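All remarks here apply to the structure that follows.
In this document, chain identifiers A, B, C and D correspond to the written order of the chains, with residue numbering beginning at 1 in each.
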Amino acid sequence: MTVPAPLTGVVPPVCTPLTPEGEVDVPSLLRLVDHLLDGGVSGLFVLGSSSEAAYLTDRQRRVVAEAVTGHVGKEVPVLAGAIDMTTPRVLDHVRSVTEAGADAVVVTAPFYARTHPAEIARHYRLTAERSPVPVVAYDLPASVHSKLPAELVLELAAEGTLAGLKDSSGDEAGFRSVVTGARAHPGITGFSVLTGSELLVDAALAMGADGAVPGLANVDPHGYVRLYELCRAGDWTAARAAQERLCALFGMVRAGDPARMGGGSAALGAFKAALHLRGVIACPVTAEPQVPLSPEEVERVGESLAAAGLL
Amino acid sequence: MTVPAPLTGVVPPVCTPLTPEGEVDVPSLLRLVDHLLDGGVSGLFVLGSSSEAAYLTDRQRRVVAEAVTGHVGKEVPVLAGAIDMTTPRVLDHVRSVTEAGADAVVVTAPFYARTHPAEIARHYRLTAERSPVPVVAYDLPASVHSKLPAELVLELAAEGTLAGLKDSSGDEAGFRSVVTGARAHPGITGFSVLTGSELLVDAALAMGADGAVPGLANVDPHGYVRLYELCRAGDWTAARAAQERLCALFGMVRAGDPARMGGGSAALGAFKAALHLRGVIACPVTAEPQVPLSPEEVERVGESLAAAGLL
Amino acid sequence: MTVPAPLTGVVPPVCTPLTPEGEVDVPSLLRLVDHLLDGGVSGLFVLGSSSEAAYLTDRQRRVVAEAVTGHVGKEVPVLAGAIDMTTPRVLDHVRSVTEAGADAVVVTAPFYARTHPAEIARHYRLTAERSPVPVVAYDLPASVHSKLPAELVLELAAEGTLAGLKDSSGDEAGFRSVVTGARAHPGITGFSVLTGSELLVDAALAMGADGAVPGLANVDPHGYVRLYELCRAGDWTAARAAQERLCALFGMVRAGDPARMGGGSAALGAFKAALHLRGVIACPVTAEPQVPLSPEEVERVGESLAAAGLL
Amino acid sequence: MTVPAPLTGVVPPVCTPLTPEGEVDVPSLLRLVDHLLDGGVSGLFVLGSSSEAAYLTDRQRRVVAEAVTGHVGKEVPVLAGAIDMTTPRVLDHVRSVTEAGADAVVVTAPFYARTHPAEIARHYRLTAERSPVPVVAYDLPASVHSKLPAELVLELAAEGTLAGLKDSSGDEAGFRSVVTGARAHPGITGFSVLTGSELLVDAALAMGADGAVPGLANVDPHGYVRLYELCRAGDWTAARAAQERLCALFGMVRAGDPARMGGGSAALGAFKAALHLRGVIACPVTAEPQVPLSPEEVERVGESLAAAGLL
């Protein structure tokens, strides 16, 4: 299907349930997709960071893309990450996910390779030239170790290279520049500005963002859709309360002991533990070499769920 | 063949010549290999950073590994990078390069994914368990954005997980800890400690390193082998002069304008321009989205070569 | 005077006008203070980053503190930065500014010295014990190179060590944790949570912040006070428009050429050029070794002022 | 006295012994100076990082400078740190330490203030213009958060702004550029290139450095002077053994628990504990807000001393 321009609403980055052996658990994945659609989401983003794309083999990525696009049909658009180090490798993923039916691809700046703004621009231009579907830029400095400058995003939007931005940079002032710059620019229409934050969705929408791509929406899609609707209705007081409830729920990412594991293991481990506790997925395992949560840590995740009325 | 334990001497990270269309130029690659063997190198490291591994598709990586191992036979060991974000993806590359005949694999810590020392240890243990050949750790914080702690390297060496270290961290004090720690540890034998520096080979060997993996050895393998031999002979005065000559030659990486390109484009562009000027490879092109050197910049590379007596 | 608990409204970090010789220009400073009071600000913060505290000698800092406290009397509270590397040096500044009449001190974590959360806590506790006035924490990782963790701020607030936070970290999610955590904590009352952002004041107030300390309020105090009042009135649509007008005005910090000067020179140079163009201060010079704006760059600052209706 | 050009040998950054109340313990300081002179050092560097300059008040800094210069007379040159954020503040310290008799000043790039290479150059030029004694650049990115580029150091050396470099950057390749660049440049004579490393003194001297400024030389000046002399004699095998003995001794900085304190507290705490255990200073206390070593940690420092034959 054609991706709406702009894409609005809640577009969760879909977790990838795994079997105890580390294979993609397709039935759990499809149950998760149904859980998200039931929550009212307006699109799905597979093979992003919350999907553990960095941990999935090419074969597994293909399984995910095919399973999800096949399942949702034309109900909502499916965006797919094409996450790799440089243009030639990204183009291989673009080919794979679009053959599998993805409606748009989500692409970061080059990483591992040392890069430069001129090379980032070249990367997006080459990718967009060769992609059969729209390209959304993914700004994730915590992983990519460079920041997409707002000016560059707007330049690439104006020339038609980029169809949107998923901003997980943590730089809300820079995000605001893109939001207001895109609206003010006569050459930019239909550009989707999406926040990747779990904690600042109300603020992003108040600034004029089109939608949100929060990892925590896997756990509580209904909560994020309600938040989105309150913001659209201009009921900022209720929106703030809904957002604060979700901020408290997000506390689950602190269940994992930082002396024992990294922040990625803790966050993805918590989301998957929560989905398991809620009965959506069959097994909470995360991919290697992530460190699993202990039973006590899973219990703390359960307490977060219970406090939010989700258990 | 079995990799010597320890591996000593000069082991260049082999550049990957490309055609103007961006395909692997196998005849040029084999000429480059012959040029290196002629220089007296004691091993070859393919699919590392200087090989533009980050820019090569899986298919291209396989072409490189097969071409080089097929060409050198058992003359010298071939180490191959298995460069990817996390364990499952790295294991796919390990499978591919060992099927192609690689004698050892070179593996970084996880990147893109947020990581933790416990996860790095797990990553190397799982990789070593499943690799049919020895695993050499690759410490490259400029790309990986985490540093391998000396204590962790020694722990993994002592338990037999790691067979060696290629250190491109720029932290010579940490490198020294590994060199002296490996020698002092009763449980560590045959562990290869290799510096990835172009500029501090004499210092590294004086500290007790086993060998060097300098990208610039593509351009002047004879120069690095001579430097290695002077160090082994204890002629530190002549070694310093040989090293300083190579430091001056390395100045070619500053030919590319930093306002126009990143440090990777400048360095790899200079190495390939030099190999082209020296008649070793057919085409100096680098992979996308790197920015090519201008004719004036190539001229400056030529001046560096001429000053070193290489043109 | 006693600082309100919490302190609310707009509390500008007051620029320090200098003579061409680099001395504090007291008449200009007092005109600037009057300009700010006329704008309706609810407090003044002297000797912060926008005040070039890092560039002022101890003698000059004392001149500033005395001049401003002497001028405003009890009209509004005067907060004063006690910006130095570690506890003993900070305590010297606390003594000096409180002798000069400051109503509160603003203190960063230790810098230059390598630090640790336990040392940061110790630093604030010792400072608060020995300060005759309340201590406000200043979170400015761009200068201090460590981030104040939200949990630590809340712990220090609950025990009475800290009276407030000026957050210039750029981490709005962490800021939100402090805002909601302070409200939720039974042991915390009257704690002032102030954003240091120029660009996200509406968002910060919507989240529940008490006030704002924007450097750009030197240039347009009336604009920030209007923005504050719109937020307090719950008129978020008008607030957003007022904020966007100030975001455009803030574009003046990009007048200075980044190839020729750092971001500090550009921002402080622009604020002072604007104050000079608006007739508030006699001379736009910034302290050494900052690079001055060129006449063309000053002209661009003037264009920003004109576009905002300030010239 | 006039500082030799170049300054060679071992020039320890002198620790500042404190009383339990945190005041400068002058008798202990003078005993420490005698201990260093007895070790054969060729100069003293007071008010550097190992001196806890960042923690000393201006009054205390003056006490240190006067006590040491008064005590050593013309025996060896005394270099004094003028460590502060920007030019005007640095110039106040330059005035103070030169009035106290310092023979040279040691100055970092601006810190806390955001900076730029053009501003760093301006900072050193203004400082040198107004300093009655030579200016030595101090490259310490761990504290200053910018790196002095080798090209800039050489440019400032050639024009006479800088008399030397103390390099604590950890970037040995960059250090080598300065060493070889200074020797090759026709306009540079007598420029002192000093390493601040404890662990790479042999390597630095082999590259052509003039001397070393290792904090650990407080604890074992004789050991560092012996190392220096072995290097000068070209006995690199014995030098390496002497250096490795000092590397093992340096292990004392890992006695302090990193979960409980920062690296500065651990290193300075260990040096002072060692000086106390060796009977040189009366009290091992470090300045606030550093975390003191526990008795068990001090015991581990003692074990390091004993293993090196220093107890």
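Rule of thumb we're sticking to: contacts are C-beta pairs under 8 Å (C-beta built on N, C-alpha and C of every residue); 3 or more make two chains touch, one makes a residue touch a chain.
Source: prediction; values computed, not measured.
Note on connectivity: the fewest steps through touching chains from subunit A to subunit D is 2. Between the contact lists of subunit C and subunit D, the overlap is empty.
In terms of the distance between Cα centroids, subunit A is separated most widely from D. Of all residue numbers used at the contact between subunit A and subunit B, over half are used by both chains, marking a mostly same-residue interface. Chain centres here are Cα means. That of subunit B falls 35 Å from that of subunit D. For the pair subunit B and subunit C, the distance between C-alpha centroids works out to 49 Å.
For subunit D, the set of residues that touch two or more other chains is empty.
Taken pair by pair, the chains that touch are A-B, A-C, B-D, C-D. The touching residues of subunit A, when paired with subunit C in their complex, are 170-173, 176-177, 180, 197, 199-200, 202-203, 206-208, 234, 236-237, 240, 244, 247. Residues of subunit C that touch subunit D in their complex: 22, 54-58, 60, 83, 85-89, 92, 110-116, 118-120, 122-123, 126, 142-145, 260-265, 287-291.
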